[in-house]
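In the two complexes below, chain A is the common chain; its partner is chain B in one and chain C in the other.
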Partner chain A sequence: MNDYVDITEDFFSSISQISNNRVVKSPFFDLLEGTRAIEINNPRLDTGLIPNELSAAELNFECSKPISESELSGLMNKLFKLLMSWFSSSSLPLTVLSCRYVEDIVHGYTMSLDRGIETFSLGDGVYNRVLKSFVVGLSKFIGIMITVGNTVLYEDEDITTRNMELDFLTDIMVDDVLNDLESAIGLVKRSAAQHKEHIIKQLMLLQDLNSLPILSNLQINLFGVPDLRQLQSFQDILNRGIECLKFIADHKQFYETQELPVGSVSKWVQASLGNRHIPGDVYDIGFDETFKQMTNVFEQLKQIFRKTNYIKDIEALDLFLKYDIQHMVNEYHVINKGIFQLFLIREDQSILGSVYHLSDLTLDLMNHVNVFNCNVSNPKTWNLNNADTELVMDALSQLLKDLEAGVYQNLTVYANNRCRQRQLINKNLLVWDSLQVQSENFEMEIYNNYKIGDKLSDTDENALPISSFIYSTKLELMIEFLLIGIELELYREFEIYSIYWYINYLTKVYINHSTERLLKFNKYKISKIVAKKKKSKNKQELEQKREKLTKINEALQHKIDYWKGFQRLINSVCLLLNYLQNQKMIKFDDLTANFITSFESLFRLRFKPFESIGVPSQLTFAQYSSSFASDVSQDEVINSLNMAKEALVEYNKSVTNDNEKQWISSLVKTCFSYILELKGGKNVFEVSPGYNTYFPKFTAKLPVIE
Partner chain B sequence: MDSSGSFKDTDDYGLVATVGNLRYQRFNPASQNQFRIISNLIADHLSEPYSIYVYWYFLNTWPQYCYITKDSADTVVGVIISKINLHRNVRTRGYIGMLVIDPIYRKKGIAKKLVQLTIDAMIEADHVDEISLETEVINKGALRLYESLGFMRVKRLYKYYLSTHDAFRLILPVSDRAFKRIAFLDQLPEPVST
Partner chain C sequence: MTTIAPEKFIGSSLRVELSDNRVLDGVLTVVDPFGNLLMSNVYETNKSNRREVGLVSVPRATISKLYIDKRTYQSLK
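Moving on, here comes the complex of A and B:
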């Protein structure tokens, strides 16, 4: 009792000020604080009641008591399970920190001034010493992941830390941890343990886990020859981890029957340390799930790392980010999402740790659309005096800097969970719309004042190349924003048509912009080079430019071909839904009949993110209402779906990225499934998951005409 | 009734509607019995645990947006708790915090009536621009209820609940301000009742 202070008098004196049902609180104590407030004697909220439910063994647990070989192995097995349970949306107090040994090490480290690795101890027994190294290694890995989480993940979404203000060995070096684990392996080898290999595999696996974050420091030779030695070296770590995991999974019977020191895992920590959270039971996802998830971590990183080493150009980088990361992100373990984001873009803004930086990427992205060989981006071609050159250069530099920020924002989207991706894209729409306004002003101004600019064709129309690139990027974001909403099941039956109808519009605008501005402009530049080449002495340089522009246009054409196939499918879905409405299978108006608000209001709310965007012009509810055709036939829908299918099949022949190929195949299957559904289904209209996340299955059977 | 005490309340304060043998009343801020019943009813039927402070926060600040339903035996069988706040200083946003109906009384339209009463009060007294709430993506009943009134899913919130389920944020637009992005709206003064 000596540690406690009697506050009874102060407490009653304070509450005497409360009157008339008023709450007395600090202005900083808001609803969020209130949800975390302890309510004394409420078992769902008061962690102070936890000791009442603990056993004597849990209350009096001693970390320094010698443990047996079986207890060592059983504890390490339990700690792996608690670790992966933490990553499965639980918190540290309910998982790893529920182990008294972890609490002891981390709490001791937090409170101590002497913070060397040699100061840790969990008792003198040989197995206690091995356990100490394991707990230190585990705590270090948790510390690293907390840092990763704080940097690139979302707390309470991707990861739930609740570290109880403990320091997870921040100043201990990973190399020291790896060496300490190596010493522990030596200790086991020299010990009288009966199952040395089983214990060593657990220690080795922890070494490999601690080595994973190395990835975020590796330097990829982007677009160049892969560093095979580095590739092999990291693959070796991953392969060794996978081997350890296989061994452990194969010996489940052994690990799961080892003992745990009585009282070593409990709810104790929730009551013993500063805790701002409500009580909860210790959470354990089980052996199978633990080692399955851990294997995924290693396998996924292996694949990601191998692929990044073979990214050959900017188009491949774009496809990798879209199909291997963004679309696959639901499959990736949170450890990998975090590590990948740090691996992709570094503090110095280098991409994948290469010599290629954000500024290079920004320029390349523009050049590979339509900015290559333009007057506006090449100061050498400006015919200005020094002062004017400096003025225009400053404005151009500012625009490029702002563009870099926009590209950076886009790069942060890829490895986030899909809900966040949509929210981030929503924010980025504002960024790219502002960039377009800024760029158009800049390009118009320098054209009007200094005659710097490029013609789109032989007419006098300004090509506005930078603005055109920005517009193209913005349109892609707008389309993706609506599409992710389908995957997240944000749209209800009554509005699903309006969504596809809007996407149809945006994809048409995108294709038209790509064809009539981007491709056309590049072709015009090629024709000018060809004409100039005939008279020029510098034929080789011009030929190189012509070749590069031709390649850019081939890549652009390839992309347009995809969007054409995609747009045909979108258009087919519009026709399909229109047809179902005509056949009285869906009655869009009836679905909204009892609303307090109107469908028009909901339509405006739905497309609010586009409300401030001037170009492309926003579609109105009146346009939506008049978009239904009264004479859509079943044959017309089927023909449209067949055409979409053929276009996508044709496009897929030239696809090389595995995940893109799979994506296109799922679109093709979607076409097939819609045709089949049209020919026979249930007698109600239903929306359920389909072959592709952007195209759910629509089930509807036509009424039988008697 | 359950182990936490009786749900009976004979206070007639703030009767706003009678439908069949069910009475809809505004919460009486002076009634400690109603406060106790409401917090017990919610604690018994909602999975997220709330401290007494959370109930105080809602019921003391916005008693006008809390309604209860009683049966003919004066037993409280349903409650809705709401609030209003200034969303990013540009929109007056009503927020439905908790809605609980005793399972025996479900599917009788009580929840819908309570939601409608709250919405009407928010529009009339505070001229809200929109009304929002969150619900678990797997809570089909709640989604059906709110969406039947015109609430729209505007956002999916990843692992929003303690149960780790995602949530949908639903919004019912009321005024034109609901259709404009925050960045393009002028600032509003703080509502009186916050």
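Moving on, here comes the complex of A and C:
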């Protein structure tokens, strides 16, 4: 302090010169930035106050002090709970980093230049050495999940990766961590511990947790014979994890009564490291929730991994992504969401690590809709000179490359939380709309200039196969965008009719497009092949093409059947809501009196994401206003719901994917519940969760019809 | 004693002793007429623990002593 001068008096007398209540500030400082400042002595912001509330044991905690067997087991149990609490919307300083041993290992690693696994130490006692291996293993797993989170998850929504600028063992190899844990297991076996099995199960469980991210490197033999050895070996890891979890859950009494070294878990880290965090209490979701969530992680990954091994074709892949991942995503643990996204599409653009790449998927997706055996996609059938062929090829390659980017964007949607799925779909709509414009221009140009193209039927109408595929994908995205909005409860009660009404329109367009362009075009190609076959010598090749096209059309028809049933349900909901309005239960039109702005403006705002889309043409407010019928009867609604129900029941008979079956069943139940609701309910209009996330329950007691 | 204009302190490295014995070292960025400070690039020392805390607002009521290094003080006068 010798170099300092006390200016307390000088300074405060100096500020008395400040006039007119102004502040004196640096010219480089924007006062708005001041809102980010941490206010000293404000208990809600200032973590520097934390030491005042800590006990002497917490303040003076020594990590190298020998621990007992009970403390080892108790600490590992506590750390598992803190780990899963971190995944439950909490932060590292409030969970795992509140353990002094974790802070010591990770902080030491961050500060050290010598970064080998052998450099870690938490004291010399046997149990201290075992604890060291456990803490290193846990920190490594956290480090991996931070990387996964930064790569494919959303900060604060899925996971909080803020790590107090600590390095969670980035350069330590997972294999070294697993070996170190194995050595720790050996140490326990050779020790005088009384509950060796209890401790070993905890160490094994951590080994299995660290093995989970291996999934994102496994290579699936997509559409082929599953690699049973690989399947078994990963299943073994998962099964062992599940077994350990069961053991631990069954011995809750034991684990929960073990001691913790006094002062080992506290708010210390919040005061000792960076002050960029809001102070908070240590967060612990408890034993039951921890091991329930962890079991879910293992069970879900087991299911996902098994299913991916048995995906037999592109249709099955599509169903898997839609019903097993996208619709189920809310049930998946954040660990699995992250790992799955990395597992699905790799850095080298391979799908599930197979030899099947994004480019193959893009071509297959198109071929399995309507592009197979087209003039436009088959340069051998072009009758052009070399220079022109090269020119058209270049343009086609560019289009396919852009299409790949669109397919990639769609693949990134699946494992996100539902809010992000909707946001990404909104973004992808623009991508697919631009692709459609680009593709139409390309197909029209090569048709006009080089006569490359396909006829839709015996008329001269251009089939525009690539553009038709893109349009079909875009329509699905538009429908999904509105439906997820219903699931997320984004729409107000008075808007709900307009949303179903719009979906009804889009599904009709989709069905019409699928039937009148996609199916029809494939049928036309089949008829051409049959005619050609009679005269051709190469009958076998033509027969193979015919068979493939027939299969494609069967799959298309199956999909159309689903959409027909779905559209009937949507149509029924529109009728139902129209009927409820007629019964004066709710108002969907003429809402001017209730708003600051006009309902028309609200309507336009709601469908703004479709404004820039050229086709299908956007529905207007005038069309909406005239969509209500004044004579909808209860019988008409019930008949419509019954028809939807029958169509969906019929469709469900041919469904093989379990989760799709369940999904369709929930739609069928929705039809039943609406019919029941129509026959009696409360005397107010209410919207509450229904059997299917896209169809809430509408409750309204109607006047008794005399 | 000559009074130094408050503007002159802006941008200087100050040491603030708080009433709870913590010490803050940082650059004075803003001061208001009530003596509340806004300091940037602040390091907090609490007993033996020293850490970076960044941008900090220090209410007048929490300030026990203010120090400045001798050389800076000479240049301000």
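To be clear about the criterion, the second predicted complex is superposed on the first by the 662 of 706 C-alpha atoms of A that agree within 3 Å, B and C clash if a C-alpha of one lies under 4 Å from a C-alpha of the other, contacts with A are read in each partner's own complex, and residues count from 1 in each chain.
Here is the rule we use: a contact is a pair of C-beta atoms (placed from the backbone, for glycine too) under 8 Å apart; a residue touches a chain by one contact, two chains touch by 3 or more.
These numbers were taken from a predicted model, which means no experiment stands behind them.
Peer 1: With the two structures laid over each other on chain A, which partner does A:3 touch: chain B (first), chain C (second), both, or neither?
Peer 2: It touches chain C, and chain B stays clear.
Peer 1: Thinking of the overlay built on chain A, is A:34 touched by chain B (first), by chain C (second), by both, or by neither?
Peer 2: In the superposition, A:34 contacts both chain B and chain C.
Peer 1: Considering only the touch criterion stated at the top, classify A:65 as touching first (chain B), second (chain C), both, or neither.
Peer 2: neither
Peer 1: Classify the contacts of A:606 with the two partner chains as first (chain B alone), second (chain C alone), both, or neither.
Peer 2: Once the two structures are laid over each other on A, A:606 reaches chain B alone.
Peer 1: Which partner chains sit in contact with A:274 here, chain B, chain C, both or neither? Use first/second/both/neither.
Peer 2: A:274: touches chain C, not chain B.
Peer 1: Thinking of the overlay built on chain A, is A:423 touched by chain B (first), by chain C (second), by both, or by neither?
Peer 2: The first partner, chain B, only.
Peer 1: Please indicate which partner A:490 is in contact with in the superposed arrangement: first for chain B, second for chain C, both, or neither.
Peer 2: After superposing on A, A:490 lies in contact with chain B but is clear of chain C.
Peer 1: Should A:156 be classified as contacting the first partner (chain B), the second (chain C), both, or neither?
Peer 2: In the superposition, A:156 contacts chain B only.
Peer 1: On chain A, what residues does chain B touch that chain C touches as well?
Peer 2: The answer is residues 21-23, 31, 34, 37-39 of chain A.
Peer 1: Would you mind writing out the residues of chain A in touch with chain C in their complex?
Peer 2: 1, 3-8, 10-19, 21-26, 29, 31, 33-34, 36-41, 48-49, 51-52, 271-276
Peer 1: Quick one: which bits of chain C touch chain A in the complex? Just the residue numbers, please.
Peer 2: Residues of chain C touching chain A: 1, 3-7, 9-11, 15, 18, 20, 22, 24, 29-33, 35, 38, 40, 44, 46-47, 49, 51-59, 61-63, 65-70, 73.
Peer 1: Can you tell me which positions in chain B touch chain A when the two form their complex?
Peer 2: Where chain B meets chain A, its residues are 29-30, 43, 49-54, 56-57, 60, 116, 119, 137, 147-150, 152-159, 164, 166, 168, 171-174, 178-181, 183-184.
Peer 1: Enumerate the contact residues on chain A facing chain B in the complex.
Peer 2: Going by the criterion above, the answer is residues 21-23, 31, 34-35, 37-39, 42, 44-45, 88-89, 154, 156-158, 278, 417-420, 422-423, 430, 488-492, 592, 594-597, 601-602, 604-606, 608-609, 611-612.
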